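Two complexes, one shared chain (chain A), two partners (chain B, chain C).
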Partner chain A sequence: MKSSARFHGRWTPFVLGLPQLMLIVLFFYWPTLKGWWWSWHLECPFGHCSTFVGFGNYARELKDGSFYASLLTTAVFSALSVSLSVLVALLLAGMVELHQRSGKLFRNLLIWPYAVAGSVLGVILKVAASPSIGLMGYLNTLWPGFWQPHLSGVQAMSMVVFAFAWTQIPFDFIVLVAALRSIPTDYMAAAAIDGAGPLRRFIDIQVPMIRPQLFFVAMINLIDSITNSFAIIDTMTQGGPGGATDILAYKIYRDGFIGLDLSGSSALSMLLMLLVLAVSAVQFVMFERQARREA
Partner chain B sequence: MSGAAIQVRGLSKRYGERTVMEQLDIDFATGQFTVVLGPSGCGKSTLLRVIAGLEEADQGTVSIGDVDMTRTPPQSRGCAMVFQNYALYPHMSVRDNIGYALKLAGLDRVERERRIGEAAELLGLRDLLDRKPTQLSGGQRQRVAIGRAIARRQRVLLFDEPLSNLDAKLRHDMRMELRRLHNEIGATTIFVTHDQMEAMTLADRVVLLNKGQVEQAGTPMALYHQPRTTFVAGFIGTPPMNVLTAHHEGDYATIEDGGRLHVDQRASQRTSMMIGIRPEAIALDAPNGIIATLDAIEDLGSHRVIYVRIGRQRVLAIDHGRRPFQPGETLSLGFPPDAICCFDAATGERMARVAEVQA
Partner chain C sequence: MNMVERHPLLKATTLVLLMLSLVFALGPIYLALCSASVTSHQILLHGLALLPGKYLWENLSAVLHRADIGHMLVNSCVVSLIVVAGKLALASTSAFAAVYFRSRVRHLVFWGTFITLLLPLEVRIVPTYAVASDLFEPLRSILTLFTGLHLHASLNLLDSYTGLSLPLMASATGTFLFRQFYLTVPAELSEAARMDGAGPVRFFVDILLPLSKANFAALGTIVFLTTWKDYMWPLVAISRPEMRTISLGISTFLPTETGQPPEWNLVMAAALIALAPPLVVIGLTQRWFVRGVTGVGK
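Our next item is the complex of A and B:
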C-alpha cells in the first residue's frame, strides 16, 4: 500500500524549507538578535564602535518621561482603534447577515480594503483629511479652525485612529461574518418566536454567541495596533503634533533612524516586544480557558 | 389560557424545482391537540414553519385566531415553539432561557419569576434553573425547551419532532407528560412527527400528510380502523395493516392461491381490488379460511408476530395464544368480515361498504 508522498533523504526537508527559513532568519531572527545585542551596548551612530553598558540603555529609557508619554499614547491609540474597528466590523457583519440577498456582493466589497497597504491608505486618508482641500477644507472655510490635525493633538489622534481602524475592519469583518454564519439558524428562529425582533436578536443572541471571535479579532487588532501602525503614523502625522501621536513603534523609528540613538531604540524595541509577548500570553490563556470550557 | 383556531388556505411552497406542497388547506380547532404525521419530506415541518412565520409561503394564507397573519413576522404571531434540537440559548441559564420571552413581552421581574417558577414546577426543573444548557442531559434540555414554550402562555404551541432525539423510555415518559400538560394548558397545539406511535397516543386529531397533501384527517382511531387509502393503511400501526391484491367477483374476493372471501362490496365494475386487514384481526385457526404458509415467528413476550405467505403475498398476523407453530406449517386464516377494508386497486382509495352505501 502506498500512502502519501514521502521523502527519504535526511536533508531533503531542510533543503526544501531553506528559502522560507532564510527569509525568516534574515528578516526576523537576525534583526531581533541584533536589537537584543545592541540593547545591552552603547553603539556609535554609524556602528564602528560598541561598549557594553548592561542595563544602562534600559535604565535610561525607563527614566525618560517621553517613554511613558509614548506608552500612554500607544494605549490610547490602541484602545480607540481596536474598539472602533471591532465595533464597525461587527455592525457591518450584522447588517450583511441580516440582508443575505445581496450579502455576497457586500461581503466582497468590504473585504477589498484589506488588500490596500497601510502606507498607501495613509497617504490617501491624509489627502482626504487635508485641512486645506476637499471636504475638510470646505468645512474650514465655513468655520475657520474647525479641522487642524497638524495643530490639534486630539484631532491628529482621531485621524490616525480612524485610518488604522480602517485598515483593520476588513479582517475583523471576514472573521465576524463567518462567526455569525456559523450560528445555527434554529437559535435565531427560537429567538424570533420568543418575540425578539432583528435588533434584539443581534444584541441578545448573535453577539453573545460570537464572543470568542470578537475576543480573537480584538486581540489581533491590539497586537497589530502596537506593532503594525508605523506606516499610518509615518505617512499621516510623523508622531506629531507635539508627540500627540508618537506611539512606541514610531518613537523607536524616530529615536533610532532620526535621532541615531541605536542603543536606546533597541532597548525600546525589546520593551515593546515584551509588551506584545504579554498581550499574546493573555490571549493564549484566555483561549485555553475557553477551549476547556467548551470541551 | 385558551387557544386560537388556525386556518391554512391554499398553501403552496416550492424550494427551487421541488414542490413541497400545492394548494394545501388545513384547519386546526381551538384548544385541540393535532398531530401532523407523515413520512420525511412530506412537508410537515415546512407547514409548521410557515404557521410560525419562520418561512414564507409562495402562495396561500395563514390565519390565527381569525386574524390573517400571512405577512406577520414570527415575533408577533403569538406562537410558541419547541424545536427538534431544542435550540436552547447556550449562553443563558435555564432561568434566562425560560424567562427570555417573558422579558421581551415586558413582564416585570416579579411576574417573570413567578411564571418561571410555575413552568419549572410543572416540568420538574426547579433544581436546574441556574444551570447552563450544556450541563443538562437530553431529557432535561427537552423539558427546558418545553418550559420556555409554555411559560409565555401563548395561544398556539408548535412542536417540531421534539421527541426524536430522546431514547425510547424517555420518549414514552415525555409523551405522557405532554398530554398531561396539554390538558392543563389548553393551547391549540400542533405536533409534527413521523412516528405514528406518538400520533396515536397524543393526538385529539391526526392529520396524515403525504407529498404535501392531506391523505386523511381524523381521530387516531378513525385513521386506524377506517383508513381512507392504502397509504394510510400502510403508515398507521405497528405492524401496519396488511394490504393484499385480490380478484373481485360479485360478493366475493379471491386471493390468489389463498381462497375466497365474502366481502360486503358489490356493484363494482372492476375485477381487481385490494383487501386490507389489521394483523391483530386475523384469526389463525379458522375453519375453511384462507390458506397460508407460515414463514417465521417473532416472539415479543406479550404477543407473537407471525409472518405468513398467501401465494406470493406476505401477511403479518399477531397472535396472543400459546399454541406452538412450526415454520413451513400450513395455516387456515380467518378474516372477520367487519375487519376487512376494501380499496380500489387503481386509486388506492377505500370503497364504501354496501351497508354504508345503503344507510
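Our next item is the complex of A and C:
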C-alpha cells in the first residue's frame, strides 16, 4: 500500500493492536515458553520445585519404546486419514462440477457434516460400531467374533481414520470446488474441441490446475490430524486397544493430565511442535515457490 | 460450463456415486435421527433403527428434562458468542493496526500475531492450562525477576466463561482474513479520508467497518462453528459438570461399564440436540459459511 494512504501516529496502532497482542502473549507466548522451560527441568506435579536436567526429559522420552509406538501410530493415522479425505473430496468436487443441474443440491448437502463436532460424531459412530446393537453386528453373524473394535487394533484404527476423514471432507470439498470453478472455461472448451472427454479433462487439466489447492488442503488436513483429532480418539477409543490409536497429541494429554508428568509431557509437546513446525515450513516454502512461479 | 456433449454412461455413474456419498455424508446424522425416535427397548432387541420411529419428541424432551443438557446448551451458546464477539473486535482492529499505519508498530502487530498460526492450542495444552489456572503468574515472575518483590495476587480462570473463551481467541486466523480484505480496499479511500481531515479512528468506524460487513458475517459463522465444536480445551479447563459445553458433555451420555441398561435412544437424542444448532447456522448462512471457509482456511 502507498504510504500516502497510511496514517501517521505511533500510539494509535499500538493501542489498537494491544488487546490482541496481550491476549496472545498471555495464552500463546507465555505457555509456549513455560512448556519449553518444563521440558528442560524436572517438575513436581503442579508443585513449586524444579531441577534443571538438561536433555534428561528428552532422553527419557526418546529411550521410551512407547514414544516410537505413538509416533508410528500418528504417522499411520495421519497418512491414511489425509489421503482418504483429500481423495474423496477431490472426486466429489469433480463429480459435482460435472452435473450442472443437480450439482447445486449435492454441493449444499455435502457440506452438512461440517456441523458435526468430532465428539458428537465419535459418540454416534461408537454406538453405530457397537458389536451388539450396531450396524456391523451382522458381520458377526456371518463370521462369529469378527467385528470387535474394542479388541482389534486394526479395526479401531480404521474406525478413527474413517471418522476423522469424515469430519475433514466438507472443508476440502468446499476449497476444491472453489478451485475447480476458478479454472478458465476456455481451457476446458479447447480440450473438448480437441476431443478430450470429461474424464480426460479431469485428469489432464482440472487436477493439474488445482494442484496448489490440493497441496493446501492436504497440509491443513495433516496438521489437523496431528492436533485436532483428539475429540474423536477420546470419545471412540481412548487411545486403545493396547495403544493402537494412541497418537502423540493424545499421549501428551494422558501423560500431562492423567499421569501428571509435566516434564515428560512437555518434552513430548516440544517434539510435536517440531513436527508441526516442519510441516508448516514445508507448506511455506512450497507456497513461496508457487508464488514466484506465478509472478 | 455449457458444452454440447453427451456422456450418458459417465453422467449416470457419477450420479449414482454422488448419491452413495450422500448416504455416507448424511448417514451418521440420519442414524442418530432414527435411533433417537424409537424406544430403548426396540434398540436393545433389534439393534439401531434404520427407519424413523414415533417417539422422537418423547425422547428429546426426556433428554432436555435432564437439567444438565439445558446447562450445556446455554454454556455452548454463551462461550461461542463471547468468542465470536471477541474475535471479530480483535481481528478487525488488529488488522487495521497492521495495515493502515506508517509506524513500525504495524510489523510488530502483524508478526506477533502471525507466529500463532504455527502452533495450535492442542500442542501447548498443558502449559496453557497452567496459565489459565493462575493468570497472574507471568506478572509475578517478571516482577520477581526484575524487582525481587513477591506478589501474592492470583486469579484462576478455570471453570469460568472467561477461561473457556479467552484462549480460543488468541489465534491469528481472523486477523489474517481482515488483513487480506483491507489490502484489497482501494488506497484512494484512505487518501481521500486523510485529505478531508479524518483521523484513523474516524476512517475505521465510518468507512472501513461498513465495507467489512461481509467479512464479519463470514468470520463470525466460522468462529461460531469451530468454538461450538471445540472439545479439548473445555475438557481440561472444566471440572464442574454445570460448566460443561455440549460438545464436551455429549460423551457423558455414553453408558458406563456398570449401571442400568443403556438407553441408546437417549444417547442419540442428545447427539441430535448437540448437532442441531450448528446445522441450523450452516443452513441459514450458507453463503457466508462457504466464503468464510475459503477465506479463513479452516
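Operating definition for what follows: the second predicted complex is superposed on the first by the 263 of 295 C-alpha atoms of A that agree within 3 Å, B and C clash if a C-alpha of one lies under 4 Å from a C-alpha of the other, contacts with A are read in each partner's own complex, and residues count from 1 in each chain.
Note that in this section a contact is a pair of C-beta atoms (placed from the backbone, for glycine too) under 8 Å apart; a residue touches a chain by one contact, two chains touch by 3 or more.
These figures come from a predicted structure and were not determined experimentally.
Participant: Which holds for A:Ala165: it touches chain B only (first), chain C only (second), both, or neither?
Facilitator: So A:Ala165 meets neither chain B nor chain C here.
Participant: In the overlaid three-chain picture, which partner chain does A:Ile205 touch, first (chain B) or second (chain C), both, or neither?
Facilitator: first
Participant: Now for A:Leu92: first (chain B), second (chain C), both, or neither, which partner does it touch?
Facilitator: second
Participant: Applying the touch criterion given at the start, work out whether A:Gly197 contacts chain B, chain C, both or neither, answering first, second, both or neither.
Facilitator: Both partners, chain B and chain C.
Participant: Which partner, chain B or chain C, touches the larger number of chain A residues?
Facilitator: Touched residues of chain A are more numerous for C.
Participant: Considering only the touch criterion stated at the top, classify A:Ala189 as touching first (chain B), second (chain C), both, or neither.
Facilitator: In the superposed model, A:Ala189 contacts both chain B and chain C.
Participant: Under the contact rule defined above, give the chain A residues that sit at the interface with chain B and also at the interface with chain C.
Facilitator: 189, 192, 197.
Participant: Where on chain A does chain B make contact in their complex?
Facilitator: Residues 184, 186-187, 189-197, 200, 204-205, 208-209, 211 of chain A touch chain B in their complex.
Participant: What does chain B use to touch chain A in their complex?
Facilitator: Going through chain B, the ones touching chain A are 49, 52-54, 73-76, 79-81, 83, 85, 87-91, 100-101, 104-105, 148, 152.
Participant: If we count contacts the way the header does, which residues on chain C are in touch with chain A in the complex?
Facilitator: 1-3, 5, 7, 10-11, 14-15, 17-18, 21-22, 24-26, 28-29, 31-32, 35, 43-44, 47-48, 89-91, 93-94, 96-103, 105-106, 108-109, 112-113, 115-120, 122-132, 135, 138, 166-167, 169-171, 175, 183, 187-188, 190-191, 194, 199-201, 203, 225, 228-232, 235-236, 247-248, 250-251, 253-254, 264, 267-268, 270-271, 274-275, 278-279, 281-282, 286, 289-290, 293-294, 297-298
Participant: Mind pulling up the chain A residues that touch chain C in the complex?
Facilitator: On the chain A side, the touching residues are 1-10, 12-14, 16-17, 19-21, 23-28, 30-32, 34-35, 38, 46, 88, 91-92, 95-96, 98-100, 102, 106, 108-128, 132-135, 137, 166, 169, 171, 174-175, 178, 185, 188-189, 192, 197-199, 216, 220, 223, 227-228, 230-231, 234-235, 249, 252-253, 256-257, 262, 265-266, 269, 272-273, 276-277, 280.
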